[in-house]
Amino acid sequence: MNEVLNLGYARVDLDRESRQGLPEVVYGPGKTPEQITGIVTGLLAHNTGPVLVTRVTPDTAETVLATVAGGTYDAEARLLLWRPAPTGPFSVLVAAAGTSDRPVAAEAVAVATAVGLDTDAVHDVGVAGLDRLLQVRGRLQGADAVIVVAGMEGALASVVGGLVRAPVVAVPVSTGYGASLEGVTALLAMHASCAAGVSVVNIDSGFSAAMAVHRIAQAALPGKSPDHGGSW
Amino acid sequence: MNEVLNLGYARVDLDRESRQGLPEVVYGPGKTPEQITGIVTGLLAHNTGPVLVTRVTPDTAETVLATVAGGTYDAEARLLLWRPAPTGPFSVLVAAAGTSDRPVAAEAVAVATAVGLDTDAVHDVGVAGLDRLLQVRGRLQGADAVIVVAGMEGALASVVGGLVRAPVVAVPVSTGYGASLEGVTALLAMHASCAAGVSVVNIDSGFSAAMAVHRIAQAALPGKSPDHGGSW
Amino acid sequence: MNEVLNLGYARVDLDRESRQGLPEVVYGPGKTPEQITGIVTGLLAHNTGPVLVTRVTPDTAETVLATVAGGTYDAEARLLLWRPAPTGPFSVLVAAAGTSDRPVAAEAVAVATAVGLDTDAVHDVGVAGLDRLLQVRGRLQGADAVIVVAGMEGALASVVGGLVRAPVVAVPVSTGYGASLEGVTALLAMHASCAAGVSVVNIDSGFSAAMAVHRIAQAALPGKSPDHGGSW
Amino acid sequence: MNEVLNLGYARVDLDRESRQGLPEVVYGPGKTPEQITGIVTGLLAHNTGPVLVTRVTPDTAETVLATVAGGTYDAEARLLLWRPAPTGPFSVLVAAAGTSDRPVAAEAVAVATAVGLDTDAVHDVGVAGLDRLLQVRGRLQGADAVIVVAGMEGALASVVGGLVRAPVVAVPVSTGYGASLEGVTALLAMHASCAAGVSVVNIDSGFSAAMAVHRIAQAALPGKSPDHGGSW
Amino acid sequence: MNEVLNLGYARVDLDRESRQGLPEVVYGPGKTPEQITGIVTGLLAHNTGPVLVTRVTPDTAETVLATVAGGTYDAEARLLLWRPAPTGPFSVLVAAAGTSDRPVAAEAVAVATAVGLDTDAVHDVGVAGLDRLLQVRGRLQGADAVIVVAGMEGALASVVGGLVRAPVVAVPVSTGYGASLEGVTALLAMHASCAAGVSVVNIDSGFSAAMAVHRIAQAALPGKSPDHGGSW
Amino acid sequence: MNEVLNLGYARVDLDRESRQGLPEVVYGPGKTPEQITGIVTGLLAHNTGPVLVTRVTPDTAETVLATVAGGTYDAEARLLLWRPAPTGPFSVLVAAAGTSDRPVAAEAVAVATAVGLDTDAVHDVGVAGLDRLLQVRGRLQGADAVIVVAGMEGALASVVGGLVRAPVVAVPVSTGYGASLEGVTALLAMHASCAAGVSVVNIDSGFSAAMAVHRIAQAALPGKSPDHGGSW
Amino acid sequence: MNEVLNLGYARVDLDRESRQGLPEVVYGPGKTPEQITGIVTGLLAHNTGPVLVTRVTPDTAETVLATVAGGTYDAEARLLLWRPAPTGPFSVLVAAAGTSDRPVAAEAVAVATAVGLDTDAVHDVGVAGLDRLLQVRGRLQGADAVIVVAGMEGALASVVGGLVRAPVVAVPVSTGYGASLEGVTALLAMHASCAAGVSVVNIDSGFSAAMAVHRIAQAALPGKSPDHGGSW
Amino acid sequence: MNEVLNLGYARVDLDRESRQGLPEVVYGPGKTPEQITGIVTGLLAHNTGPVLVTRVTPDTAETVLATVAGGTYDAEARLLLWRPAPTGPFSVLVAAAGTSDRPVAAEAVAVATAVGLDTDAVHDVGVAGLDRLLQVRGRLQGADAVIVVAGMEGALASVVGGLVRAPVVAVPVSTGYGASLEGVTALLAMHASCAAGVSVVNIDSGFSAAMAVHRIAQAALPGKSPDHGGSW
């Protein structure tokens, strides 16, 4: 089987779709529009599920979209997308602490939607105004999984972790200044969280959080995978 | 409803069982045997699911077990346990990189088992001998979730993350010396992992990893919760 | 005026009582019982307010108390005390996140009480069980100042900071493991807090927090200073 | 009661004024002029006290002021302000170590003034020229609270902390180079201070320091709150 | 013997060629084109082997090449080169984890080739797609030495280190974000590697890795040094 | 082929000898004497080259040696050894900066000797007494490879790196105090070294340095491997 | 006596000249040309010794020099200077490791010369080419004090510290990349130096090193202070 | 000339006395009493100045003194000493911030005295009680050099640096807790000091500070070296 597509400048892992339920996702930074075009074209030709390119600038997006038909660009999420998966039954709620966390939350929402998760979001529910958070307690407890996006001290992860029984994936955000240490403080704090079973992904990686929930959805709905386009 | 049991030295969160599917888990360090006895007695009386105390020394365990009937102590995992949940259908495989990672893996196994996960483990599958890992590839791919336990550089999380479609929860371990920085290097490396959707818990916390999978299992099997003793 | 008492091994700042409203507080570690005895004797003779020695081991305390009459020792707070101030009208509530935070909270309570603050405490109100915290919301909002004592991720400071209008002084605690980094994570997180106007003192320093509130009380009740024994 | 104003892009905490004595303060970075305009308009309509937006660039300020009448912009402090509180009886002195600390000191002064504190400032009183500091000793000792603004090694906090009996809130500043580590050294040094009861806020946050003193003033003058416009 | 060429702005170590088998390599940053021209001219006149200048910008390269005849510039590697050594019998394979590691790999390839190593490269063989790596297992095991270039968590070094018997020199790369800490995480992880005998060079230093292999080649082929132009 | 020996508590990589020229080396810490005995017995039975156990305490060594015949224990190097390789023609000189570096140097010497390298050592040649180092310049330049062992600031690596043409493998040592940061300073300094092509292994790992040279020797003498017992 | 000149934006420490033998030196960054002009004018009027402004950009320098007569600007050192002290008998040699250390060395040379030290410099004497350093051994040993300027690993400080009996003041430089950590590695390494009695100043602070030697010269030549213009 | 004494376990730098004005000083930790005895015996036989061994435990001291006649042991300073230099005319004042800084100050005093400096000390002059410091202002200003010993935030170095014209060598001390980071905070703060020309030595190294002043004294009194026993 020809499971690797060797483009010279990249070795595309064509087998990933069958192995992990989703084609390889392309990380945009450091790649030229031509390289992205080549990889995307290869993935569209050899795989059947959604094709995503993350952290793409508007200029690069425009160039690639002009060449590879059928794609869309989400500017806030910086995501290029072809063949999004149909929305499945597994729901995820993205809860963001403040307005400065919006870009990271947007990436989580866009990627989660693209891979077929039933995605929703609430913004500006940081713990300094606890009532704002308690107002959405029902929505938090109703989701199959929750992604918490928070910078500064990241306390929202602990509080949400204590409120819901669902999986909570925390994304530290590099907003804030001084003692925020560009997201390192939030990352450490989320790990030290007093709420049991909260897991954490890399700073600013809405993408990783969405992918972690994609894995969870596949575990939750294993028999249904073939039914919705190969994405999970 | 009286959802908090105020023992003076502790406020036991009795509501947690109904809110999160598991009674509050007791963190042992810094508590006297008398305090542990009091909290455990309260939880056994007011809740119905498994009661766990983590990071308990053998001496403390002996004292508590002499007072509170029906418990067991797992010395390698340092876990005190009453009323374990019956084993449910959700499987988790704990994969440990080296023999020095055994105590952390043991805690993950013991907690996962206690809360009703169908738990198994493979040891000594670090990436320096890749064939050892590839030999268990089938077991890794067959699990509903995988917990990766690894110290030193933590590379096992990336490799396993690329092999399976299931949720992967990585536990950095404080073994190793020098540049291992007591687990901080593994924690950072696991976050920087090139494998998408791997999430990470605190250093040495087999407990947190098991709880993260417990959350996942509840998301995967929501309708079945009442069937197996209240733990998920 | 002879405002410094030169004992050879120490220069006791006798003027501090008139300058700052409280005699110099003695930091116990690194001093012999004989040195502590000498300094305390000097302070009792030349000043009129409460005399405190912090972080004293039981053995040292016993030796010193056998020589210098009229003192008491609080073992959990590790505080030696002579001539406590009468309790004044300014109230402070010490809120501790978990049972492992008790020793630091105990020091805050003991020092605050010794310098004449109207002191109370609530324990085990960590944010993972938010209802426990909301149960004491009234007590938090009724205090003239709040000291928050929390290790791990220190999220309690942000939540309390958002609930009350009073001054909030946060004490990071070195409990926890791994990513807690011996209190550094909590310290950074408390600084990065999304709640405005929360200020922070050194890791594990219940003493510093109490002294910060003592300063606040003096600002709040300037005219009453002479009325209650010189301590504020 | 409708205590949260949901603007879609933000959830404004309208209840904060009654809960904490001051309307929610808006953090400018990451918000568009349109978003700021919307939030400010909402706060002006639903609350009665001063409305502040921090860290605003001149361009953004101009755009917002053109739309929302009655505001002023302090360029050095980067503060947008509507409905400043009348000056109350509680005095605060902002003491800055060097001329490079001026912008942070300016933010502290502007915010403190806006919320009704009786604010004054002294500049360039760093400890390398101790006599400059001793010249203003009287002013320091006469203030109800002192905010110390210092970069480099932050030693001014310790020295002032030893001179006055009032609350001292220290602001580390990110000036300096090399070992200053962008303010982290000053932050750590201020925490390690040998002066008891000095508390610390985040690096460069003149805003946080002013808010900490605002809390103190409310504790000092609780009965007077209604008298001066709702701000404290 | 006149072993140092004193140009005023630099002391060129002319003896290095006889002492270490290669003329001094010039580090470009911080030097003017005129300074580079002077040093290169001196080395070409007084030494006989290859002359290299690293980390040169295109503009500087153009200026220098216009003055000093016979040189070439590799833009991706940022390397200026005169008198490359003939290719010898010692082979090195540069294995790069991802496409973002290409510039560092390019420097390793260019320097290794310039000093006479028989150099080849494979790209995009990161461990998240293990099959891509196993496909080139034969090439890895056939090389006399392997340079591993990897950012993020740097796991490729451990895996390759376990697959081959040849020397493995690992280069951490500053790609990635958040927990990658600009290459520090990869550096630490490579040191903590569970594969024995992997050695590490500075972050982003393809140059250092090539020079380390140059040293190895000289040790492997000591008698042949004079045969191929003085470079090893 | 049965390339992995599964002992339950360990999976011994029997294939490593043929893959990498040396049986798997056992890391002692965290293993019981019984576990070490089992692994060593397995390696002796299924492989033919030298068997090493590193970082073994005297008590454990005594217990294991009483059971497994033919072994020796080097107390300073903390190494257990069976079937040492005959000494081959590749020479390595271990150069240690100070007397406190001796234990790490001893491990390097013992492991290097055990795997068949022609090993020698010089001690106490730190750069503060440069003449001591220059006295052994000839020995340094005559070795096929040099291992530099140095704590504190690790400057010896740079100086030796500039003196010899052979491969230089640097081992940072955790001696020193304060700014030495338990070896981290030496590790960083060795990486930042101004001498080109010096590579570095983990702090205190004389073992890793010897293994790196073992790899180099195999590259240098590939045809001779079968001649001296399988170790290289 | 009016020892402080209060300009509003600055409090100039006029007493420093009599107290420390040199007028206050002005730190340029963060000050407007108008502020610098004001301070310099004040110092020239009220003091008699050399007036220095450090880290000044060319534009600012031009503006100030147009207003305040008699000054000079050293562009490489970024130093503005009026009334340089006559050269005294105390000699200092500035030894820089590489060409990238030149700007910092230039500041040390310019400041040292300005305050009356008999200053000389040698460049490019890094330890990787030890013979370059040994060539200037005589000059190093002949100086009354040595300033070592070195980035990367900073090893030059240790080697020079072992060669001379004179005071050695080491300046870590922020050149280098990766593990150099912007000078922090050199700073730590210089502190951990195996050469006794080497002291260290802040990263990139040629100014501080020159001032440290100025203090030493005053100690060496106390009786001569009045003779050479008041600067030492 | 036989300038190195090779004892096998150590290479004693006999030439250091003529090169640097003082025999090599022996660092005690990690050496057996027998090794110390051997080195000291060699230094006494081949050199003529004072012989010092630092950081020696009482047990080791007793053993060595029983064998090598004429030595003394200072328990607080942990210093073994033979042939102290006669006291010369260069004075140094050791100023310690608190009583916990005494052991480090004691080492500075003992070493300074041993090498012939006219040494005095003041204790407990930390900046929180500024008047204590101002009381000794005259003594500080009268010394030829000042050593400042301070832990916690190390602010004393800045204040003293601003008061005196003499050389100031600062020693950060690892006392304190939490944010003191075992002396790293004081080290960084002392480097970031706003007082010009203060130089810093390693954490807890009273020895290094004394040696730095010894170098200064040699520079100050070059012609007098032969007159007082060879030590400076």
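Quick notes on this one:
We call the chains A, B, C, D, E, F, G and H, going by the order they appear; numbering starts again at 1 in every chain.
The rule is short, and it goes like this: a residue touches a chain if its C-beta (ideal position, glycine included) is under 8 Å from a C-beta of that chain, and two chains touch if they have at least 3 such contacts.
To keep track of the chains, here are their UniProt names: A, B, C, D, E, F, G, H = Nickel pincer cofactor biosynthesis protein LarB.
In this text the structure is predicted, and so the values were computed from the model without any measurement.
More C-beta pairs touch across one of F-G and F-H than the other; that pair is F-G. Superposition angle, chain A onto chain D, using Cα atoms only: 90 degrees, a multiple of 5 between 0 and 180.
In whole angstrom, the spacing between the mean C-alpha positions of chain E and chain H is 44. Centre-to-centre separation of chain A and chain G, using mean CA positions: 52 Å.
Annotation for chain B: residues touching 2 or more other chains are 98, 128-129, 162-163, 178-180, 187, 191-193, 196, 202-203. Chains touching one another form the pairs A-B, A-C, A-D, A-E, B-C, B-E, B-F, C-D, C-H, D-G, D-H, E-F, E-G, F-G, F-H, G-H.
Per the touch definition, chain C reaches chain D in the complex via residues 19-21, 25, 90, 144-145, 162-169, 187, 191-193, 196-203, 207-216, 218-222. The part of chain B that touches chain C in the complex is made up of residues 3-4, 9-11, 13, 15-16, 24, 27, 29-31, 35, 172, 174, 183-184, 187, 202-205. For chain F in complex with chain G, the residues that touch the partner chain are 97-98, 126-130, 151-155, 158-159, 161-163, 176, 178-181, 185-196. Chain F meets chain H in the complex at residues 98-100, 102, 123-125, 128-129, 131-132, 135, 175, 177-180.
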